[in-house]
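Labels A, B and C are assigned to the chains in the order they are written; within every chain, residues are numbered from 1.
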Amino acid sequence: MWESQSAMDSLTSAVRSNIIPNQEYLLQGSILDVYVEVLLHRLRGLCDNVDSGPESFNDHELCFTLRGSNTSPQMAIPLRVRRALDVQDAPWQLRYVGQHELGGRNRPTLVRSSLDVACSNTIVEFLTELGCRIDFEYIARGYMFRKGRMKITVSKIFKMVANKPGESVEPISQSYLVELSVLAPSGQNAIAEDMRIFAEQLKPLVELEKIDYKRLIHVP
Amino acid sequence: MGVTILQQFPIENRTGPATIELLTKRISALGAVQQGHFLVDCETYSSVANLGPPRTVHVLHNSEQPASCFSILDTGTKTIPLAADGLFDLLMLKMNYFYQAKKQTKAESKGPRFEIGDFCVKLGTVTVSQNFKGILVEVEYRPCVVPGMCWELIREFMQGVLGSSVQSNPPPYLATRMQENYTPIDTIHQYLEHFTMFRKSPGMRT
Amino acid sequence: MTDLEQLQTALHSLKVLRSNVGIAFESVSNGLRADHGEDGKENKFILELQELLSTVNNNLRDVEGAVSNLSIPPGPFALGNTIYLSQEVTQERQSLYVQLVNSYKWTDKIRDYSALAGNILASNSVNKTYKTFSTTKRRKTQTSTHNVPPEVIENLITGIDRLFPDVTITASRPFVPNPVIQASLSRVLKAVIAFKGLMIEWVVVKAHSESNDLWTESRYKVFKKVTENCHAAMCHFHSPTMPELAVKSFMHWFHSYNTLFSNPCKRCGNYLYSNLPPTWRDLRTLEPYHEECK
């Protein structure tokens, strides 16, 4: 008789055969507002989705952490929730982003463990009641491109003046954030090399680099 | 996805497999055709002490929605449902410092799945950490999404299959939601209600 | 300058060649005509064809002559000012990118299509067509139900939309006078209805979760049955003299399906018969019956 395999069993075997995309390869940079048109133009030339034009997005992101009353910061679990403000029916995105590894000089990109889970719109209440605390939230508006497996986003970050998204927002800087990322199963380091080559093509408009957040935090 | 009604079938003085066989015979006589098997499972996690007031997270899977993972968070005062991708399980593992799986509570309902007309019938053998607990029968009427519209129709069908054990009122969970659109999470809620009762009940002979 | 003149002559003779080839093919495809008379018509036709072919032959010789006079252009073509395009980088001054992408796509498509057309034509080149015969057939005169101004249909649809609060109608017009409407009957079902003028041409009933495609039937048995019954009703209500009334009566009858799952059969009092709810509605009283009970 055929036995129904439990969801946990099939997930475990997926983990074992290493097909779950749980590593994010990331490069970041920024560009001033006045030059962003030139960059978009450049990206349209380089990327795959040229004929339909760049895909725009308008997302609201909330960043939570799950931590107890006396847990060390290393144990705390960062969780992010993202939802599209322009596509109301789209599922919400829950994301776990782990500690990033900078790697040595010869590793071209930042690598961090990451889990992307689409979920229903009850997620914010779910996380709040789960014991997560909200750290900050923002609005990201911009464009998304893709080139093979690579994802390129050019987005402007806004902070929310009122506590409701979409009402009044205020840009936090005069520049756009540029991110080049790939979500892949662990051990696929060849993709990092592709990313380095792609980033090379965007110079000198934007320098995509491995950004070390720890260094940013400890600046006095 | 249609309206689903879940109910326990009394095993009286039969064994579990004998009851399943009895129901299989009955439903096959009505013209049902077996279409594979099904499995619904439930794992329960509870929060650790330093996270404040105690909370429980039930994580369930239904083979009818194989790419999804359902969770129900119970804070004691309210319950919050969540439907997510299958990868949510991995996230639950990441949180095992704060939420730990309760021992000896893994509940399952599994068995044959039948189709008859637009109905789908599942005969589930319920076990809690491998111990047999009872029989759950799930009847889904797939063309309709509003429980209030088709409850009488489903009840008539269930009476035809299960006889007098069928309640005259809809399950308490559904009774308050008769005019809402039915979604897969509603099936999950019904399973959780039954699993919770089975966990409290003493074991039965198999 | 002489280069250019020679090119003109060559192009001209090429045009003449193509035109005469066209005439020759036309004559071949038309076959024997009335003006060939009765006696020796085959011979006359062959003579005519020979004449045409020799003209083509002469033209071809002209083309070859003209082409051999042309000089091969030395080196690469001068592109004029367009060569500076690659040196222009500011985006405002050359909004060419989109146009370039589009024209590239165009040429690509033309190539694909012409290759396909070439294949098809090549395999059918010997078939003769006798189009002249088909024109003798009289066309059927169109009845007024087919051929009505779009506003009339528009009014009819908005009329129906207002008539029943729990029927929501969205219309699309793939072919202008013949709209296809999706009528959702509260949360019970939806119907895709195709009109031909004021006449209902086709109805498919489906669950809300299914596609709006007119050609695939529902996966649920109950909606397949309702679709069948809708076809019967569509024929029953059809009336060439009062098309608007026919549509309205149909919609009135269709509306009674809002109790498809919640009303038992009028005759047997049960909800189910062979696992189906009462899928028939009486055409006059609109009461629900199982198909076997009506």
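One rule holds in what follows: a contact is a pair of C-beta atoms (placed from the backbone, for glycine too) under 8 Å apart; a residue touches a chain by one contact, two chains touch by 3 or more.
Everything numeric in this text was worked out from a predicted model, so none of it was measured.
Peer 1: Leaving out chain A, what pieces does the complex fall into?
Peer 2: Remove chain A in thought and everything remains one piece.
Peer 1: Please flag the chain sitting at the greatest distance from chain A, going by CA centroids.
Peer 2: C
Peer 1: Approximately how many whole Å separate the CA-defined centres of chain A and chain B?
Peer 2: About 36 Å, centre to centre.
Peer 1: Please tell me the distance, in whole Å, between the geometric centres of chain B and chain C computed from their C-alpha atoms.
Peer 2: 49
Peer 1: Centre to centre, by mean C-alpha position, how many angstrom separate chain A and chain C?
Peer 2: 45
Peer 1: What residues in chain B touch two or more of the other chains?
Peer 2: Touching at least two other chains: none.
Peer 1: Once bound in the complex, which stretches of chain B touch chain C?
Peer 2: 1, 31, 116-119, 141-146, 148-150, 152-153, 156-157, 160, 181
Peer 1: Residues of chain C touching chain A in their complex?
Peer 2: Within the complex, chain C touches chain A at residues 91, 97, 101, 105.
Peer 1: Which chain B residues qualify as touching chain A in the complex?
Peer 2: 36-39, 41, 43, 47-48, 50-52, 55, 57, 61, 63, 66, 69, 71, 73, 75, 78, 80-91, 94-95, 97-99, 108, 110, 185
Peer 1: Could you pull out which chain C residues touch chain B in their complex?
Peer 2: 187-189, 207-209, 220-223, 261-262, 264, 270-272, 274-277
Peer 1: Considering the complex alone, what residue numbers of chain A touch chain B?
Peer 2: 2-8, 11, 15, 20, 22, 66, 68-71, 75, 77, 94, 96, 115-120, 122-123, 125-126, 129-131
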